[in-house]
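Naming follows writing order (A, B, C, D, E and F), and every chain is counted from residue 1.
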């Protein structure tokens, strides 16, 4: 997930460095090469003995949802000693550290490394960005206490990409409301209350008419209110994987651009919407394409 | 068609045996292997000299319907002497014999074999299931009297998967009504009257907005009334071939499960709906997937 | 574009000859072979030194429009001396000369050749058909005066496939109106006024809900009025390239059939609609398929 | 086989017309289009009801020979009434009629048509060319008397592409000799004696070191002696099917070129050798490529 | 490896049952289906939680050897409790138990299971067949004592497919000799001395001229002498993986056929040679194909 | 060609920077990404308006040589003003500047840029490496004086990868000798005499038995003598393009390793030999693989 965000940011014109561990074999080398191809700084990726984590995707259609078969157990990354990361050096020069909730879900070592990274960042002046991404299947494989770990990371975050369900899991409460918007508002309020460092919360809203036919919008909340994007109808989805990461990269791009929160959420949701039309996990859309999408430009062949 | 039903039932956990004839060459061997792969008992398939029947499918889209180009003339199956099947032995241990109307349409020998099978089954305590599947193109190639043959088979059936058009062809009448539901009711009533052995009639209702955009629902009638399923919108159809066979297998599974007729029709239609999302003639959906579809569970990626 | 029209007409049963220039290498030979395969007379295609013009298509989806990357600069065709075409000989036996606005956009030589062809045709008793197809990207590469060139060709045309935008560019005015239909009427009126030779104007109307989800209809105007086709919903577009050429070929077929203007526009739009379901630039649909589409026949599998 | 020769000759710059029967469906249309693409005159191909003959090829390697699974029974071509060909019209303007022994092997009607064509040709001043191509598998399917039919065709031929085995079958004798060359000489002598119209006999000699590693040479005999080509080592064969037809087309080209028999056999064998490097049945090699092969030019990348 | 032998035997007409453990997911289900397709009895394969072992193959060419990247650590099979196999039930009705040295190399549990199986077999009257297959890479991943484990299995074997290198590893000696044949004889002599139950030793001899160009022969030794096969030149190897398993299945077929040891080694080596021409791990060659290879029949297209 | 050398060196562990010009479109971006993926520093590649140069490769087999169809005319690179390269900045930190004779062959601007680069390098302390690569087809397209341009570049080179034919073209003489080795020696002697800066000459020797069956060896000469590699038989060549660049990168690696000239030529030729087994222009072989090839290690599957 973090790699997707790194590639997304790199292609939008920002500098991104990936810190990770890969297997020292052809699969690991290929993964690193793909990141480098898209301009990501791979100098903080270690290559060590062991296996690469994998997953298999069966792409769904109509009433049949896509299915992910995780095969990440006992990977070189999952087994890597958390003490092996030198966060001081890795974070040098960074403005933001972005972490996804998928990563600590891989195992105890990964959990420890994520928490350590998050807690190292702020003293170094590096802001923390966190994407909830709670994956029950993964936490279950090693009986990890997902909510507790995510809570420690979220406590360090200045911005979080997280929906109501994940906040509820972390806060161990449920927020009832007459309508979804009110429920979202209450949940976000509780999150801001629980995590003093938190300045922004962003989340998409996804309605599913079919496995390949969704609707997508999103909202960005600060302690003083929420802005919302338009809603995109996504019929004939090509590949939905990575849309959340495209959203995170897009919102960050929008915020860095300094054009305000409305621009940031509009850019983030348009980036996420475009991702659904692109095969593979990476969002390859350019700033021009995303802004044309935001502007609702004509969709006939460009020639 | 029968092979599709056999595979569907096998994958839903039932024992299925296929009785057929294939060419004793690489194509015939491959066909048998595919059935065995999905757990079908292939011990009653004979391999003899001659050619394999084939068909070519041009998959449609939007306003262009899919087209089947049949190439089944003079196949090993079509030429096989109907006396060569030993129905007493083939049907040993079976609860049901399932026949499709496509099979007798292949030629005079196939017609004779299907009628013989249907008429042999009941004295052996094996119930007959019949899927109308009238294919005008095939009957025309040898000037076969389709309605007469299908009538003899239907006369033996306890359950038939058959729509109004095929019943009308067989009974040589047309049933007019102000609305489709009344027309279906009248047609089914006439079928129950004409065929005393018949206990159940099942049929899907299909509306076509485009070659790859249908709506699908279905009904299951007994002599005391009809139950109906919900309607599924099927946009972006992957492969519609075999949906009728998925329906038949699904209804049989539902009936065997003993959860009542409503469950049976719901399961059958959900199975048929899922088939549209799966490439190839076979319905590979599992009981879990079909029941999730019936339950309307969320359609986002499972991970 | 002209090759697409030629193939379309040939497959609808008409004789079509292509006049062009290809590179004398494997790419040029392959292009000529493809036309010959579909029955187009290729005797007027010259094979000379140089490169083949190319273009690269990135097929869009959902919110991401398809993009054409033109690579036609300095091609054998673009460089060919316009004096090298012997229009008297090329046009022998022809009823119509069809030209597309894409062709002169390739360069000065191509512009000169197109104008020469158009101006040679009428004295030889060959009627001129013109498809506007203004491509800003191409004219820009060599600073060609597109509107001026297209105006000279249009001045010779008896039928033009051209929309409001292209007429406005050529006439250097804009036509305002309360609604699109009135605007179209005013624009067409101005075109008939400006070009005395013009007897018919035809254009499609395209609404884009997504890159692969359009609506399509069309109108055919004479000096005495306009007929309109039904509107087709095109969801899940396979390949939209060549739809305009399918429209032009379809309208010509309809007019030649002598069944009146309503038939001609209905046939042309149905042909264009079907093209969206066919991969590749050529419209492979047959008269039977197009007429079934016009008749709104059922869209389930033909078997 | 005849189609391969026609395409070969067309690509070598000669006019070739194909007389045949195809099914009036998408498969038949596609076959005709392929011939037209390569410049063959398809005006004498009829399209009628029925099925296309097919065959399936499993490409061999190393010790595993390629296998052809014929599926030609009951095809539109095999069923076509031999009276339906108007040889006077078909042969108009032709110098040569080329027939292959595969064709009559398809069935009684095809046999009758081939004999009729061969016997019609000479009175019309059209010379007959015949390629033995005895296919035991095919004759067996309908108990045809292959040797008798081939004998009637060979009796009309001025040139025959035929090896010792096929001559022996036709003459119902065997020719023993101490070495292969003497055996070939004796067999050819007997053929010249038996068939007074025969002026030339040509055959390749093929040694098989593996399914994809052959050696190939050839000889061309007149009543006054034999010329022989060099031997080509063919390691890593891409597709051997059609090599015999490439040989026949190449020898004809060489003879038409009027450069003598040595050139003719050299050209024919070089064409056949090149065919082994080209996927598909057709020999796409050009005169330039074949002459470079004859000249033994360097085989490194041309650039 | 055992699955390859099972499929090979099944396709040669023998009954084969596979005992194993797969992951209860789509990958495990697919693996079992492939075996069933080829007629292997899969009733003794358990499906349990965990991951499927995988491997990645980079196919070599010329001077670049193929490389296998094992990813079998922590698989459902490797983790499975050896007490979970009920060998009494699994072996019911079997004549032979075949084990490969790859299997215990996967981990301690797999080692224990293999030894248990081998030691359970003989008291049940089931003979043991063993294929050495020492894989250093795998034993290293868990610091297993390969030679010790293989020794215990070999001690139970009546026939072993094993070369000099593996015998030396197990016996912890090296056998020097002036020539390879003498070395093989001495090594085999030592094995027969060390393992009283052993009745036969079989091994191939492989010379590598390139990654895809080998020579292959083989020998079968009893306590009274050795028979040897001819040598096959294998140029243009398609897929060498599984050749050893094809050899083992072929030798077993030959022995069961009761045509003597020379036939058995000839059949085994011909089967192994043919495997090099077939993509995938399974040997799909039939008895007819293998016997034709033994007979050195012509290698041109069969038609 | 230079990109291939850069990738080759990068993968062998060296730092490589590419200076070039690409089109500012998807094709240019993709080309740059591929280099970055393999670790090449792409900061000196400019992206400007225009088209990408292309070439089309038809891969040969047996007697049919591969053919390159160049489509490089009027590319962004060919049109780029040579004054636009700032060689002082580009060469900063470099030890070597490597140029290929393909590059100036593209056009007058490219020629001027190559000469300027070569002449700028030495004063900056950057040694020049040159690969002859005379491509007659390209020089002909613009009537460039290839020998004159190559002579100016060669005059700056310290090492040249160049064969007898190219030296003769540049020196405008021919060197006759009784045997190839003597001819090579004389030619190299003349080159050393003509170009005082030259310290080393390296060249492969290639014998072609077929388009995909070569033999390859090589020699490296200094002013005091020549060392030669062993000869590799390359049967079943996968992709021969880029072998010369793999050779240049390999020799440079060998020289940098400081293990002497024999090691350098052995490493270079082994790298070039391995390239023939790898699809695509880049040599992906690692130092380990190349050294194993030099050592003649066994070629069976590594597992």
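Assume a residue touches a chain if its C-beta (ideal position, glycine included) is under 8 Å from a C-beta of that chain, and two chains touch if they have at least 3 such contacts.
Everything numeric in this text was worked out from a predicted model, so none of it was measured.
By the document's definition of touch, common neighbours of chain A and chain F comprise C, E.
A straight line joining the Cα centres of chain D and chain F is 46 Å long. Remark: chain C and chain E have CA centroids separated by 65 Å (rounded to whole angstrom). In chain F, the residues touching two or more other chains are 67, 235-236. Annotation, chain-chain contacts: A-B, A-C, A-E, A-F, B-C, B-D, B-E, C-D, C-F, D-E, D-F, E-F (touch as defined at the top). Listing the residues of chain B that touch chain C in their complex gives 60-68, 70, 135, 137, 206, 208-214, 235-236, 240-241. Here chain B touches chain D in the complex through residues 25-27, 50-52, 54, 56, 58, 67, 69, 71, 73-74, going by the rule given at the top. By the touch criterion stated above, chain B contacts chain E in their complex at residues 33-34, 36-39.
Chain B meets chain A in the complex at residues 232-238, 270, 273-274, 276-278, 285, 289, 293, 297-303.
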